[in-house]
């Protein structure tokens, strides 16, 4: 009986994702292309080993792990939007929760995939499972990360699935299930980012990471980049699906982001002061990041671009006029996204390992294989989000329930924001 | 007096010092290596037995025996008939290994690097080396940022320079084992930190954690010619590694657990390398610690290495 | 000047310890004093001193006690001038009457295989460290039998400042001997960007 209803729900979901307009399928085709590219890249990497990347003993974590770190921030921040949604009692609270959690789910899928493609012996991955193998708990932060990320994934999938399933069956969602889980997901979001920060932070061998400011900086930057993505998504959905979110709500998010940006810049400034004023041998990594070292300058330009992006975005968000203007707001979103992506993807991992623990400088740049694999992972993540949104929006606004035909006008299409 | 106490492995009938190892590789040998690597890769892909066995420390005596046989079979399959001797010797009771390196003696000749490669079956291509010799300015002292591991010279030591070989410090508080998510690396009772190559997932957390740059990753399947392989193998030591796992110095576990000196100690032409049992008050390493000026590399990290640098003069 | 010293050094090495006519790169067979006069048990297991082929026993030429007068010799050019501290000469260490032996300052005869006792008379601190395995080199078993390399396996006694060593086989046993050339380092490791 119940199994039957679930089957109906799943069939309904399948019907939703299998129908859509030209743009929808064009977007799916693009994602499929990305995924195929990724599979090709990964096949090459699996055959030859990680030598297909440009990681070496000197820089043994790089592009994959940088993307992983950035996406943990996205996953965390998406859910943190639930807080303002509650505080300001927005009308479309359940939509905000569901869309935020779906973004978290997609980001987590990408996170786990980036970890998977980064491991040298994925066939041994099961050794991390409890009971059947030997997780090094509580000592290893990677085990903690695996626990919190998977836990977070389960929480978010549960909430989203529950809400959609109930609405699909024409019922209100069960507050006793959803509210505690949503409330749990908020500290958990802080948790995943803190644990990920600690993964780096705990490495006393790498002074660039071994600074207590690292976890706060992670959170601050996540509060900038995660909502930036959601702001743009909200606008896209509002345009393509009539998603009911007000200018007021968007402006509130932007306001919160401006605080986060300030904290982010402040913490960066605090770190820069400490490094350059004390100028110990530990400041060599920050020096490499911003000025280069021994004639090696590969990431200096990126470092300054990231700072410039973050600073400009802060200006755009802190001035009410530019915050309310949709164009400058979106420009700010793009800038802060770029700023944080560079900061996490390049500025965190690479200087942490350059120079290496014996002072050697190896200037890493990703290989084509790494770009291909990353494209594939992003393709999977975007696909997951696209399909989830395609299912969720018509169910959320009540246009699609058990026994109904698929509404024709609800194809969320991947158009640019404008 | 038996000759096997004279175990100095310095006389090589191949691999002339001063010539890069790859220069000696003929095209045919290279192709053999490639073919061998390909076959090994294919083999590794379907090596279900290795992927499904339990953690090394959970294996019974019989299972360890089976593992030893499997390691021998795998090596025979890849490298052919040889005088294989695969061991998984337990640590000796009452032994904790310690290592001393005399910075006032080392001349930076890198003999240790290549003796280690030969003894421990490191990959020749891509190149894997467990010991890295840093050249430093005497006026700067130990300053890794200004050090150079790639010095080339007609003669060493070069004027104004001193040399600091770095390898695994076999820490008492190893940051590497702490971060391993699957307990694939641990410190044995005799102080050797080992890696179970079949258990490692290749996440490289340990490499990020090690302050001594001591851990090496197999970015590709190790390339070793059959005639180069040292057939005296330890399961947790110098057996040829699969691709995608981390490896490191084990104080030549296959030698030292049989009482012999590590290869780097025996090759060192200036006798800068000292090795012994820290629990034996009469050992040379204890003498060094009690009578010489000892310095601990990156002491502030409290890793408490069993590897000591010292100045004999 | 440097060339001069280099030449002298090479000459010094040629003579006593460590050279042979042609193929220096090839580990050479080296003669060993057969059966020491005293059959007493050696304190340390050491390789035989790395004499050049044909040089030992000294009694091959020195059949009679020579002139004990300290002087400049007209022969053994290879070791002259002696560069081992000021005011030294041959018979400070070599015994006048038994040319196949060395002697301590108290007159006690010491075979070449125990030359460390002779060296230790002046270099007491090094001798102390050597005995416990800290100065110099030992091979073998960390928990058992060790082969101690002699002082003269690394230092040419006639020009003892360390320059370099090379591997030799002494009666089928690997050992090393000092050479006047400094050591050439093994190839540098490949840089990460060269590993593809």
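A, B and C label the chains in the order they appear, each numbered from 1.
The rule is simple: a residue touches a chain if its C-beta (ideal position, glycine included) is under 8 Å from a C-beta of that chain, and two chains touch if they have at least 3 such contacts.
For clarity, every value in this text was computed on a predicted model and none was experimentally measured.
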item: Graph class of chain-chain contacts, one of line, ring, star, complete, other; value: complete
item: Central chain of the complex, centres being mean CA coordinates; value: B
item: Pair joined by more contacting C-beta pairs (A-B or A-C); value: A-B
item: Per Cα centroids, the chain farthest from chain B; value: A
item: Centre-of-Cα separation between chain C and chain B, whole angstrom; value: 32
item: Between chain B and chain A, distance of the C-alpha-averaged centres to the nearest whole Å; value: 40
item: Chain A-chain C separation of Cα centroids, rounded to whole Å; value: 69
item: Residues of chain B whose C-beta touches two or more other chains; value: 126, 132, 149, 219
item: Shared-contact residues (touching 2 or more other chains) in chain A; value: 51, 56-58
item: Residues of chain C whose C-beta touches two or more other chains; value: 191, 195-196
item: Chain B - residues contacting chain C, complex; value: 1, 3, 5-8, 10-11, 17-21, 92, 95, 100, 102, 107-111, 113-114, 126-127, 129, 132, 149-156, 219, 256, 259-261, 265-266, 268-271, 274-277, 280, 283-284, 287-288, 291-292, 312
item: Complex contact set, residues of chain A against chain C; value: 51, 56-59, 362-363
item: For the chain C and chain A complex, residues of the former touching the latter; value: 191-193, 195-196
item: Sites on chain A touched by chain B in the complex; value: 47-51, 53, 55-58, 60-61, 115, 118-125, 127-128, 133-136, 139-143, 146, 199-200, 202-206, 281, 284, 352-353, 355-360
item: Sites on chain C touched by chain B in the complex; value: 27, 45, 47, 129, 132-147, 149, 154, 162, 164-165, 167, 169, 172-176, 181-191, 195-196
